[in-house]
Structures are given as structure tokens and as C-alpha cells.
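Input: structures, listed below.
Two complexes follow with chain A in common, the first pairing it with chain B and the second with chain C.
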Partner chain A sequence: MNPGMKLFLVILIALEISFTENLVVNLILIAVSFIYIIFQKISFKAFLALIFVPLLPAVAMFVSQLMYGTAGIGFAWILFTRIYAYVFLGATFTLTSNITDLALALEQDFRLPSKFAYGVLATFNLVPKIRQQVKIIKTSALMRGEVLHVWSAKLYFKAILSSIQWSQNLAEAMTSHGFVEDAPRTHYKVIKITWQDWSLFIGSIVAVQLLLFFIRN
Partner chain B sequence: MDKKKSRDTWSLRNIILVALIAIFCGVIFWGVDFIYNALTALLTPIGLGPAANDILMGLWTMAGPLAGYIIHKPGAAFLAEFLGSGVEAFLGGQWGAATFISGLVQGIPSELGFAVTGYKRYDWVSLNLSIFFTVVITFGWDMIRNGYSKYHFGLLIALFVIRYVSTFIFGGLLTRAISKMLDRSQILPNTAA
Partner chain C sequence: MAEVAVNNFTFSYAKSNFMVLNYVNVTFPANHFSLLTGPSGSGKSTLLMFIAGLYPSFTEGKSKGTITFDGKNITETQPQEKNKMVSMMFQNPNQQFAMDTVFNELVFVLENINADPAKMDQTVDNALNFVGISKLKNRKINTLSGGEKQRLALASIVAMDADVIVLDEPFASIDPASRVDLINKLKLLRDEHGKTIILADHDLSDYQNVIDDFFFLDPATHKINLQNQDQQKKFYANFEDAQHITTKVKLPEKTEKEILNIRDFTLDPHGDVLLKLANFSFYKGKTTLVTGHNGIGKSTLFDALTKLLKYEGTITYNGQDIKKIKPLKYAQSVTLLFQDAESQFLNITVKEELDLSMKNRFSAQYSDDEVKKMLAEIDLANRGERIVYSLSEGQKKKLQIIEMLVMAPPVLLMDEPFKGLDYHSLLVVGNLLNEAKTKFGQTQIIISHQLNGLENLVDYHTHFANQTMKYQEVL
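Let's look at the complex of A and B:
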């Protein structure tokens, strides 16, 4: 499916279940996403993470509703399953799409200006370098006997200094590779919205509406 | 280029700068995940697990006010906050699809703070407006999404106050401290332009 469309679909469904309180529909969404994910050949480790990482906040929410809530255990279960529905729905997108295809789709099919698509894409590819830079900043502070915490202004100050410098370098690098802002582009990899995309999109939305309409708790 | 145009249009360089700031913040906050989990685990037995979210809210909503305060352009705060959420989703954050929605819910109000001043003020006032909108709108969202609306009134007030204090410390005081350092270094690209 077109990655841009898939993202919108997932966001729309997640939004909808945020406003509806339907335990069965939450469970169905989890089950469907679960089956979809199983067919995607993900690693066992990623799979375990998917199941256990949301457990703590989900339990926290559940206990809290029981102790301080006024809506009873039914609502607590809805919140519990809602978190899992978010995470599993999200996984159907993040495990099957990569950021490059998403950027290309948003540029080609959703009229996102190319400077945003490629600028952000280029920056995302710097994530490993950014991680390393944060380590360098912290370590060099340590060498001066200074510990930088998440609340230390200096840590952010230095990160922003790097950002200013890197943004200049990266923008120049892109320009020297032939990227021209606001100029029309041709595409090596064309990503289109096909009629299958549309039917899957509309079909899923309609299916969720029908489920919400016909299944009452 | 006339003045208005250069203020409002985005150059490739500025887009990259906002994205970099967002990702740097995301990477720095990465280390906080274990604090969040530890807090949640500690508070859950007394039924206050969700408070961990409010305690750390300031961190998660900090990239927006910070970027808006530094890069004087319409959309900077929103973009930083939303991109931050995108990074989190792709790097395997905890919240799946909800992360993108959180990005919107946090990005829009932090932008609103600068927007209501007509993008004329980038000071303590607009920063505080940004914080105010962020707290109110994200809290309203949690009333719906995380079932806060079903809590007793006392707990609701307590969570709101915790969230406000957290957002004020990180989005307000810390952001101001950072920008003071930047002012002293005279390196900011957009204060002059």
C-alpha cells in the first residue's frame, strides 16, 4: 500500500478509537494488526518488544482507573486495550514502511514541497551521527569534570551549535549534488496511489465504522 | 528579497536545522525512557502510574517551544514537535500510531503560542503562551484518550498542576537558559536576518 496513505489510515483509525469506547472493536483491531504483523517476518525480539513494552503503561492506566476512576472496570479494560491497539496499529505501519518511501510518497502524491521531503529525509539519515554527537558532548564535558543531565542547558546549547553547523553543511551538500529548491523534479522511483490503495483505504475505514456501529459492549 | 518574504519562507537549510534540533532532542530524551518506566512502575501500586506521563511531559513537549524561540519562523515550533514524534515512531518508540497524533496534539499548541502574537514576539511572553496552550490542549487530549476525564476531580487537578510545572520548567526556564547561552555566543542565524 502507498506509505502515505497507510500512515493516514492508521492515524485515522487511531483517532477514531480514541473517541469511541468499544472494547470488542479494540480487540478486533489488535487481532487484525497482529495477524498482519505475523506475516511480515519481523524478528522475534521486535515481536516481544511489541508485546511487553506497552504492558507497563497499560497496567498503570488500568490500576489507576480502578483506584481513582469513576467509570469502573469496563472502562479500565477499554483503556488497556486502546494502548495495545495504538501500538499494534502503529506497528503495521512502521514495520512495513521505511522513511524513504514515506518521504517520496508524501512528495509525489500528497504535494509536500520537495525541500521538506528531501531536507527531512537527509536529516533522518544523520540519526546515528546525532547519537554519537550527543555522546561526544557528554563525554567531553565529563573530561572537564562536568556531568551533563537531560536538564542541563549546556547539553542543548552544544547540540544546537552542532545543528547550526551541520544544517549549513548538509544544505550545501544537497545543493552541490544538484538539489534545487522549488524546482520541478523527475523521479527515479515513482510511487503512485493505485485503485487498490483507494479500495483498501476506503474498505478499512468503512469496516471500522460498521464494526463500531454494530458491535455494542 | 523583501523582508516579509524572507521571514516567512522556509529554506532548505532552515528545514534541516529544525529537523536536526528535533532529532537531537529526541536522542537526548531517549535516555529518559527508563526514568519514565521506573516512575510508572513505582507509582502504579498506588494507582498513580499515569502521573509519570505528566511529570515528564515538559521534556516531550520541549522541542517545539525551543525551536520556535530560536528559529523565528511560522511553523518552526509545529515542525520540530511533529518531526520529533516521527523520529520516535520510526526508531521504535513505545506508543505506535499514537505517537503521530501526539505530535499533532503537541505541535499545534506550541505553534499557537507564537501565532497569537502574530509571529512578532519571540520572548518570555510568547514562550509562556506556547507553554499554556501546550498544557491545556495536551491535557484535554489526555482527558479523552487516556481516560483522565473519569478520574476524581482532586486527582485531575493534581495531574494538571504537575504537568504545568513540568512544562514550565523544561519548555520555559530551560529553553530560556539555552537561548541566553545562544545569545551570548552570538551565533543564532535568524535573529539578525
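Let's look at the complex of A and C:
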């Protein structure tokens, strides 16, 4: 499916279940996503993480609703499953799309300015460098006798300074590689929205509406 | 083919009347390989950025005069037309790419110049083949070594196929063999593809029989002059001499007390082995100079010594494995003076920076008066309220050195501490370092290309080459 469309589909469904309280639909969404994910080649470790990482926030939601909420155990279960539905829906997107294809789709099919699409992509590719930079900032601070924590303002100040520097360099590099803002570009990989994409998109949305309409708790 | 003419060109930074380029008039002939040299910081990069059409849009500085390609003013040319006229390769291999993989980056370049998608595969393969990295086609750019990244940058330029190729110190982070190879590729681009090549470098090795024209940006006049054969010979000879200063230094005695010991050690951050050491020591209370070619891995060794980078083997500090020493304690014992001064700064003003060092220093070796005296000696007195990021590069470097001397760590690693310092400042800093060593017993390990003026400071010299390091008897 077109990555851009898939992203919108996932966001739409996630929004919808945020405003509805339907345990069965949550469970169905989890089950469908689960089956979809199983058919993708994902590592066992990633799979376990998918199941256990959301457990803590889900249990926390459940317990706090049970102890302090007024809506009872039914609503607590809805909150619990909602967390899992979010995570599994998200996973159907992240496990099957890569950021490059998403950027290409947003540029070609959704009229996102190419400056934005490639800027985001370039930033994304900078992530490993940002991690190393944070390590350098922390070590450099230790050498001055200061321990910087995740919540230290100085860490962010230095990190932001570095990013400003990098973004300038990146813009220069993109320009020197021929990139011109708002100018027409050719496309090696053409990502189209096909009629299958549309039918899958509309089909899924309709299916969720029907489920929400017919299945009452 | 295009001839690049620079006419009455001036440049000064925003809020400054100092002319970095002072009515420069120079012509880079079509289909020639022109070398532009001059000390670092003399304005070579600035001029190249203008030639490549990246400035004035990416600078706040002020410029006057024109740069023309066969008579056409580059600043008045449409961006897409400019793409056909000139492309540029930068010094820093880490910030030249927007995409994730080698292939995607080249496709990005071709899409930008509106190439026909059906021909892209062929163009990409040709470009990769030309620079000799066909094997890397599907590799993630993040996993490439510095030399491989620079090859990719050159492949991008080959794919763009612009008439004029501008390169700013493109070999600063690569090994000598790649350097020779890439210079030969540039020669091929000139001879077989009719390109005009303008390259800035302060390192003159390997150019002598390749280039057509030799230009010098004179730091005294801020003008560029073409050098004749005799003048060129002098430049090459001076450069050779500077590489080999023959001051005798001693080899470490067996009785010398070691402070850092490196054992069964392998350093291979990107899969390429940079350094292998069976057993190597740095010695207590001594100043050791580490030399070796650009990009060979000297700074990477410092990264390992400061635990910024993973390594195989064991490093001990005073007999204790550094992996077992607590981060804060170790960072205050073995401290790095970063190559980039800004990496060292944590606060906003000069005063805050110095106060931080005074507050957290390892031992109180300098009194307030002595610190004041040190600041006066390097012309940083009465600048307490200045914002550190607004200081000049030289001032930043000097402030950085003072604040790290005040920190007084037992071991101070210094990565190119003299970069951007004038000769007077260099001598002052050399004296201060000498004092820290003789009075307070500090161990100093210095990476430096600059050897002049260090004769009285350095005790031992170790040379980094062929993936190993050995002590030498000459400086």
C-alpha cells in the first residue's frame, strides 16, 4: 500500500478509537494488526518488544482507572486495550514502510513541498550522529566536572547549537548536490496511489465504521 | 569547459570591516587544474563558496565584485542552470549527504538535475565505477569511512557533470593512498572530460606534477597571486621542510613511569582497522607529541582514551582498567582538549566559563591572580562579559586552553591545540603548558601538525603510521 496513505489510515483509525469506547472493536483491531504483523518478516525480539513494552503503560492506565476512576472495570479494559491497539496499529505501519518511501510518497502524491520531505529525511539520517554528539556533550561536561542529566537544560542548549550548525551545513550540501527549492524534479521511483490503495483505504475505514456501529458493548 | 574569472572581489563578515578578501582579481583558466593555497583561515573557503554559488545566500557577510563563468555572472544565474555550471565538494565528509544509502544519494542528485529516470541506473553505475566504489552501492552512508564518504562526494559530482568542479580541502580526513588516487581521478576529469578544477588545500603533497596553475592567497594582503615555476618550487620545498624538523628527542627509558597503558588493542570504528597495538605506554609527567597523516586515526585514538568510542583490548590508567573507573572520576583524570573549541564550552560568557573551571577544578594550582595574568598574556583580559561563541576562532582556542589548564587534570590530551593560533600566542601557550608540566607534574599528550615552536615542550615523539605507533628519536 502507498506509505503515505497507510500512514493516514493508521492515524484515522487511531483517532477514531480515541473517541469511542468499544472494547470488542479494540480487540478486533489488535487481532487484525497482529495477524498482519505475523505475516511480515519481523525479528522475534522486535515481536516480544511489541508485546511487552506497552504492558507497563497499559497496566498503569488500567490500575489508575480501577482505583481512581469512576467508570468501572469495563472502561479500565477499554483503556488497556486502547494502548495495545495504538501500538499494534502503529507497528503495522512502521514495520512495513521505510522512511525514504514515506518521504517520496508525501512529496509525489500528497504535494508536500520537497524541501520539507527531504529535510525531514536528512534529519532522520542524522539521528546516529545526534546520539554521538549527545555523548560528546556529556563527556565534555564531565571533563569540566559537571554531570549532565536528561533533564539538564545545558545538554539541550548545546545539542540545539550543534543542530543549528548541522542544519546550515546540510542545506549547503543539498544545494551543492543540485537541490533547488520548489523546482520540478524527476523521480526514479514513482510512487502512485493505485485503485487498490483507494479500495483498501476506503474498505478499511468503512469496515471500522460498521464494526463500531453494529458491535455494542 | 568554462573559465572562471574573479573581478575586484571583496568580502568581510557581518558587523566587521576587516577585508577577508581584498579586491581579489584572479582567473582560473578553462580545463585547467588550479591549486589555491594559503594558511588556514585565510579566506580560501569563502571564495570557493562564492564560486560555487552557495554564497551569498548562505552567508551574512558582505561582498562586492563579480565572479563570472565565461562572462556569465554566477550570482545572477538561475539555480538550475547553475547546477550545470558548477558543483562543490566540502571538507567535512560527514555533512554532505541528505539520503540514507549511496545509491539513494546519487539518485537524489540526478533527480535534482532533472535527469531522465530511465538512464539513472547507468549514470549511477558509471559514477561509482569511476571513483572505484561500485561495491558500496547499497551501503548505508553512516557506515562508510571518511575516505569512502569523500569518494561518494566525488561520485555525486561526477554524476552531476557540471563544467567546473570546486573542492575545499577535500582530503583533510582521508588516508594518503586515497588522496593520491583521488587526485588522479581529478586529473582524469580534467583530461578526459574537459572539466575545470579549482581545489583549495594547505597540504601541498602529491600535487606537484599534476596541477596546471598554482595560486597563493597571501594572508598579509588578502589578495590571490599566480605563482611562477620558481615561486612554486619554493612553496613545495618549504612544505617539505616543515614536514621534517630534525630536532633530536629521547626515546622513553625503561625506568620511565607509565601512566596510560594500551594492550592487545584494536581500533576499527567503521570496520577498517585504524590502529593495532600490542603494548604501548604514555609516560607520567611527560609531554608526548603524536604525529601522523590526516585522517589516519589520531583523533579516534583520543576518542578511545576518553571512552567516547568502543575499542577492543585493554587501556589502563595508573594500572587500573579505565572501563572500571567511574565516568566522572575518569573524565576529570584523563581530560581532552577538543579540537573544536566550542565542544568544550558549557556556559555563555567568558567569565562564567572561567568560574566553572575554578569551581570544579581537580586541584587548585593557579591562584586568581595567576589566572588573571594568564588571561592578560593571551589578550583575553577584560573580556569577561563577552559571549564565548562570538569570540574569534583564535580567542576561543586560547580561552579553551586556559580553562582546561585551570581544571588541572593529571592527564591532558590535546587535539590540535595550536590550530588557528598566531606565533606569539603559540609561544605563550607553550610556556603555560611547560609550567603545568614542570610545576604540577601534568602528563600531556598532543596531536599537532604544527611542530614549530614546540621544541622546548615536547619530551617524546610517537609517530602514527601503517596502523601502528612507534616512538621516534627526531621531532
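Convention: the second predicted complex is superposed on the first by the 217 of 217 C-alpha atoms of A that agree within 3 Å, B and C clash if a C-alpha of one lies under 4 Å from a C-alpha of the other, contacts with A are read in each partner's own complex, and residues count from 1 in each chain.
We take it that a residue touches a chain if its C-beta (ideal position, glycine included) is under 8 Å from a C-beta of that chain, and two chains touch if they have at least 3 such contacts.
Only a predicted model underlies this, so the values are computations on that prediction, with no experimental measurement involved.
Once the two complexes are overlaid on the shared chain, A:Phe116 sits against chain B while remaining clear of chain C.
In the superposed pair of complexes, A:Thr100 makes contact with chain C only, with no contact to chain B.
Look at A:Met174: by the touch rule set out above, it reaches both chain B and chain C. When the two structures are aligned on the shared chain, A:Pro184 is found in touch with chain C, with no touch to chain B.
Of the two partner chains placed by the overlay, only chain C lies in contact with A:Asn125; chain B stays clear of it. With both complexes superposed, B is the one of chain B and chain C in contact with more chain A residues. Contact with both chain B and chain C is seen for A:Lys154 once the two complexes are overlaid on the shared chain. Residue contacts after overlaying the shared chain place A:Ala141 against chain C, while chain B stays out of touching range. When the two complexes are laid over each other on chain A, chain A has residues 99, 122, 154, 161, 166, 168, 170-171, 174-175, 179 in contact with both chain B and chain C. Chain B meets chain A in the complex at residues 10-17, 19-21, 23-25, 27-29, 31-32, 37, 40-41, 43-50, 52-53, 59, 66, 70, 83, 87, 89-92, 94-101, 144-147, 150-152, 155, 169-170, 174, 177-178, 181-182, 185, 187-189. On the side of chain C, the complex with chain A involves touching residues 49, 52, 54, 57-58, 79-80, 83, 87-90, 92, 94-100, 104-105, 107-117, 120, 141-142, 156, 160, 306-308, 327-328, 331-332, 335-336, 338, 342-344, 346, 356-357, 359-361, 389, 403, 407, 409. Across the complex, chain A meets chain B through its residues 7, 10-11, 13-15, 18-19, 46, 49, 53-54, 56-57, 59-61, 63-71, 75-76, 78-79, 82-83, 86-91, 93-94, 99, 115-116, 119-120, 122-124, 126-127, 130-131, 133-134, 150-151, 153-157, 159-164, 166-168, 170-171, 174-175, 179, 181.
Of all residues in chain A, those touching chain C in their complex are 99-100, 118, 121-122, 125, 128-129, 135-137, 139-147, 154, 158, 161, 166, 168-180, 183-190.
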